Structure formats: C-alpha cells, structure tokens
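Chain naming follows the written order as A, B, C and D, and within any one chain the residues start at number 1.
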Amino acid sequence: MAIVDVTVIPIGTDGPSVSDYVADIQEILVGFQKEGKIEFRLTPMSTIIEGNLPELFSVIQAIHEAPFQKGLQRVATNIRIDDRRDKKVKMEDKLNSVEVKRANR
Amino acid sequence: MAIVDVTVIPIGTDGPSVSDYVADIQEILVGFQKEGKIEFRLTPMSTIIEGNLPELFSVIQAIHEAPFQKGLQRVATNIRIDDRRDKKVKMEDKLNSVEVKRANR
Amino acid sequence: MAIVDVTVIPIGTDGPSVSDYVADIQEILVGFQKEGKIEFRLTPMSTIIEGNLPELFSVIQAIHEAPFQKGLQRVATNIRIDDRRDKKVKMEDKLNSVEVKRANR
Amino acid sequence: MAIVDVTVIPIGTDGPSVSDYVADIQEILVGFQKEGKIEFRLTPMSTIIEGNLPELFSVIQAIHEAPFQKGLQRVATNIRIDDRRDKKVKMEDKLNSVEVKRANR
C-alpha cells in the first residue's frame, strides 16, 4: 500500500483557471474508487490517492491524460510517492500518528 | 496571497518513521498562525500553508531548519507554490471551485 | 515522447549519504537504455529520463524499488512529468530552444 | 551551502511553449551569478542553483516573479531543496560521488 500526491497542471490554457480540468480528474478518480481500487482525497493543492503501487501508476496515467482529451498539447504532472513497507499505513493513520506525537509532549 | 504545499523529509533518520519531525514542524506552524501570519492545514502527504509569499518563504525556511535542530545532517524539502493574482484565492475557495464545476455538469 | 525528472529518496538510511542508492539506480537505468527503451541523464539533483510515457512509468517503478532491495522500509519518490504532444521534443531540444530565445534578444 | 532544483511553470500561456519565460529566468540568474551569489545550471527539466539557503530563497522569489512581469496571472513553482550540513557539497561533487561508487563495484 502506497500513498501518492499528484498535481496535473495543464499548460496553454486560456486564462489562469484550471478548475474545469481538475473536475474532469475527479470524475475519473470516482470511477476508480467505485471499482474498489483506490481511495482518494482532494486537497486545495493536489489529489492524494491510496492503493497498491502498480494500480496507482495506472490511475496517475489516466488522470494525466485528461487535459489532452480537452485539446491541450502539454501537461506538467507532479507526483510525490510515499511508500512504506514495514507496516500498512493509510492516509488517516499518517495524520493520527502526528497528532499522537503532539499530544504526548 | 499564495498557497504553498510543503514536505520536509529528514534524511539519515534511525528507521522509517518521521512523525516526530512532522510534529515539531506543526508546533512551529502553530506559532506563526497565532501571530496571524498564515493559515495552514496538515494533509496525509504535506502541509499546505496560505499567506503572503515573502512571509511564506520565511515560514518554509523555519520548518526546513527543524530537523537540523534534532541533530540530523541532511534535509530534503519539496515545495509547490500556487500563486494566482487575478483574484484572491484561499485554500477553501480552490476546493469549492472544483465542487461547483462538478455540480453544474 | 515525454520527459520525466525523478528523485528517489531512501528514508531511514544510516547517515546522510545516499550515493550508494543512486549508483544502484544508475545501473538499472543503463540496463533499460541498452534495450533502447529510454535515454537518461544524471543531474546533481535528479535523473532525467526520456521515452514513451508507459515505458517511463515502468522504469520509474523499477528504480523506486531499488532501495527496498537493500533492506530499507520506506522510499519517497518525486516525479515531474513534462509531456508535450504538438511536437516531438527531446532533452537537448528543450535546452536549445531556450538558448535560441536568449540569442535572439 | 544548499542546492535547489526549481521549475517555474507559467499558467494561462497562449499555447504550449514556455521557453520565452525560461529565457527571462536565465537572464535573472546570470545577474545573480555575476554578483557572485550563486552558481546555476540549466537542465532540460529545471534550473539547479547552488548557494547559501537565505540567498537561494531570494533568488527563487525573483525568478518566480518573472512570468507576472510579462502579464500572466498565475504561476506554479516547484522547488526541491537538498541541504546537507555534515560537509560542503557542490553540484559537481554530487555527480562525482555517484561515479566513484559505480567505478568501485
């Protein structure tokens, strides 16, 4: 189980807003989630996705393709992978682990 | 007003857990927040901070220093800046904007 | 043809040096290059790899696995993808294009 | 002495090319370099800059501003900081260190 944090930046858009492209990507992610393959969460800066790493790479490729479907010719995608194998860590666990550390001080 | 998304990765830790370092960073951020300089939010993958860009650079420097205070000798910090100037956008606005786009389809 | 820029950060190493892990990754990349699947270049901060995007995802997965083979339990990998489809752009072209712009000023 | 790896992505450009913006940034960096404050190197994917960390933050702010000067309203800047304090490491040293590891196998 790994967690990835992804931003897909469409380049050459008409104006500064990109929320229409982000909405497309959310639809794609909802599809993968319904199939039980991933969990995901939208933050103000990126989308965080949790799943098996090979599955996550497929999902990343799918959302990276989305702006090209709308006619754009260039996309800059940024991915942070956090892959920990000594124990199964889910998105919530990471937040809780920090809170416990702070509470115990 | 800009929004930044920051991960501070301590290198050379004893074992895979880094939550103790993340807890330190949260304390520092609470301090800046109390002074009214920033808003911030912890996600499972990073910390998102909102404020004026010069202020944000000071904050980033401060949290990047934290692991060195604990004796580490190397830190890898990753920063994504989203700086939009045609309108004032806050963290919540970005999420809402995507939700509105999806609801209107 | 896409270009990716990858850093693989091993977490929980004994001390600040990670060059041994980077050397492993270079060996893996040389293997893929000999098969004619990619071109790559090491920079002081990352490895830049050029190839078809699905191939690049396989390569990224392979190098992300390397530190686990040495017994580490956590790896943080960071990937920037630049994917441009209006014309075939290779690594060298990008540098040349900036030089031409500067020379013509 | 730290090393940073920076991409400045202008959003809302007319078309997929951004080399004109990258050329502006190179001019700014040449200015800082002439003052003896930094060393830098352009790669096909980013600009790598070496210097003292507070200086580097000033430089990053300056190049992040460049696309706004050309009338754009949004810029996405991505920064990787590698800050090692057990020894003074320069850009070339990092590449050499990996080569030595590979040669000794």
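What we mean here is this: a residue touches a chain if its C-beta (ideal position, glycine included) is under 8 Å from a C-beta of that chain, and two chains touch if they have at least 3 such contacts.
Worth saying up front: this structure is predicted, and the values here are computed from it rather than measured.
When each chain is reduced to the average of its Cα atoms, A sits farthest from chain D.
The chain pair with more C-beta contacts between its two chains, of B-C and C-D, is C-D. We define each chain's centre as the mean of its Cα atoms; on that basis chain C and chain D are separated by 17 Å. Note: centroid distance chain B to chain D, computed from Cα atoms, is 20 Å.
Computed centre separation for the pair chain B/chain C is 26 angstrom, with centres defined by C-alpha atoms. For chain B, the set of residues touching two or more other chains reads 7, 16, 73-74, 76, 78, 80, 82, 84, 86. Remark: chain B residues 7, 9, 11-16, 18, 72-74, 76, 78 touch chain C in the complex. In the complex of the two chains, the chain C residues touching chain A come out as 53-54, 57, 60-61, 64, 68, 73-86. Chain C meets chain D in the complex at residues 3, 5, 7, 16-17, 19-20, 22-23, 26-27, 41-46, 48, 78, 80, 82, 84, 86, 91-92, 94-95, 97-98, 100-102, 105.
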